[in-house]
């Protein structure tokens, strides 16, 4: 039974369908809005932060946020135990979270994609080895290994990005591998091979464009994963080091005073939660949009 | 089935061996064990003496095999800090972690499976939306922050639960919630997807056409098939919980293996850290091995040829 | 217990879609007597499967059905609650589906699935149920029945599985069996065996059989009466003899032209085909649904809905405005 008429044909152009899917998807819209806001805030930190996040004003320690009776507009979100403006630290903290999230995801994405696509495309021994590597990586407790390495090498922004980057590639590899396997068995790849296209060409023109959708979805989820892990590592003291305003570190620094000055842990925690939530919504939404049949 | 089991066993062994080598190598490459052992105030001569005494100057492969041999017989070396056997140390702390882990995964299952089933029975209903909402929220919540929030609200504001220590079962409530909630969304989603798929199969249609009661169709026919992938996932999540226990035990001051891990790392207690990495990995490997077997056994198509 | 095993009047199935309401089944009325096989023929999408599901009240949740009369063995089962219907299903009324490979639960043994049906509807002990199941398997021609009971579905071939399905459906000796394309997924040789089996069992158990198919060959083999469906409506019905020897409705005639008849169709004659496509059934539709594809169609055909008529009273009804004489002249046979 077909309902083909000119009106239906019109509204079926690829980009308009895509736009409708994107803007009609609540999760994507909310997620994108928050992530965009976070990115803008992070990028324009020097312009919008009211104070220097490292400046210690010891006479004004532990000032509550503006909505408390003792607060003031001078420090909208109050100050921490060293008198540093919390709002400014929060804003600069966004930089750290996003930098680490994206940085780690780039590294792990590269490693995982190369491994996964190779395994899926070449099969045989290569696949066996890569699958074995994935199993080994999955068997290792990420948090423990990350903590151990950071403890030995010393904590810093770069170290955290490297460590997370070299540990979080497994999901990339798994998904890229299965996507590649799927695409590889398609007829158009067999056709390309039959015509004599080189492996590189097949990989770039046939395989990659079709696995990119999944790649984007996994990338967003791993960015969120890396952000949470960094926060946890910094919270335990083995991530980004003070005086950097990592949100995890801010929670850690505030926890001793959390009973009387609860904003010290609430504010960075809420920021973390919102950012990770937004990124997850984007990732889930990306999955819904690019492959609605995978939606459950 | 036997062949399948043996294959899996061999693979598991190989993975365990590789992990042990990596964890061994990782820590040896990134620091000098002689210095770590000697302490900060030791002189160069002392360090050299220790190096020769403990054989740290031998090639790494030799050191590894030596360590491996001892590890196979249960000797994981001596802790730099406690000066006792690492294996004994870990064994002592492991029971707390196991208790925590088991209650956490039980909590996660009890929470997620019924929710996933309920959501699948009525897709797009209120309960479905609530289930998905909770799962999205749960995945974004950082565990350490959640733990602190719980402490502030439940321990302090409402004085319901103790803050730290492990004396009574009440001490385990908040840690269980914090460790368990993170696994819940994944389990819920998988249950939901699995049930949705199963409920639309031909054999469920047959079951209904036979006039079986809805409860029988749901619990006997549908769930039995939908639960198979969930078993694997649960095992995997349980394995991850060991890693998660580090944060939870540290915040709640539960003296388990996770807390020991954090302590040993901050003290540069190399043998203990190595031993813990090995134990955690082995645990995960054994767990997934049994989950695989269970998985295969649950599906007659694999169990019988 | 009446002879009329199934009596349906004016069955409609609507499915709400994003673009409108799909009238998948429109005003279908059927009846089947004991010992009678009614074949519902039609192409994919004509609504025949939905009709059968509607009779069992097993429609997907979104679909709604409206029926004026629904009687099983003389009793109306129209207002039955889900609970009451579940007592009827598998008991007085059974259904066999198209895909034997996926119609049985892979996690339970054949015996388990058969015994559960028996114990659901009959007060039998486990052993008694097992015995009965074993005998039923033997009756459908399965050897080593005792062993089969302990086997899992994946250990049986498609043909065997379909026999098991038949046996399972017969366990409670239903008055009516609906078989939805039971042989379509099987090899041709097995098809013949299964059809023969169904026929034998029908006479042995004195049941009514509704067999849904798109294959006229199957109809020729097994039908007592035939109902031809097109675009959600019955366009012609009659005895098998009537339909094959003297098809009235242009669609039925078109169908007959598509199959070669050994002995009659001359070599080299091109097989017929029906040009055009099935119309969209979303939203309201007036007039004859076959009009766009019919050589005899005129404006009058599209003006108003066409009822099923049986002008000669011979119990062969067709849904066309034209008289039988006009159809004979039209040259479409």
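So that you can tell them apart, the chains are marked A, B and C in the order they are listed, and the count of residues begins at 1 in each.
Please note the rule applied: a residue touches a chain if its C-beta (ideal position, glycine included) is under 8 Å from a C-beta of that chain, and two chains touch if they have at least 3 such contacts.
Everything numeric here is computed off the predicted structure, so don't read it as measured data.
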Co-neighbours of chain C and chain A - touch as defined: B
Top chain pair, ranked by how many C-beta pairs fall in contact: A-B
Between chain A and chain C, centroid-to-centroid distance (C-alpha), Å: 55
For chain A paired with chain B, centre-to-centre distance based on mean C-alpha positions, whole Å: 23
Centre distance in Å when chain B and chain C are each reduced to the mean of their C-alpha atoms: 54
Chain B partner contacts - residues on chain A that touch it in the complex: 27, 132, 135-136, 138-145, 147-149, 151-153, 224, 228, 231-232, 235-238, 248, 251, 255, 258-259, 262, 265-266, 269, 272-274, 276-277, 280-281, 284, 296
Contacting residues of chain C [partner chain B, same complex]: 56, 58, 82, 85-91, 94-95, 97, 99, 102-108, 116-117, 120-121, 152, 154-155, 165, 168
Chain B to chain C touching residues, read off their complex: 201-203, 205-214, 216, 220-221, 224-225, 298-301, 304
Chain A-touching residues of chain B, taken from the complex the two chains share: 11, 14-16, 18-19, 22-23, 26-27, 30-31, 136-137, 139-145, 148-149, 152, 156, 189, 192-193, 196, 236, 240, 242-244, 246-247, 250, 261-262, 265-266, 268, 273, 276-277, 280-281, 284-285, 288
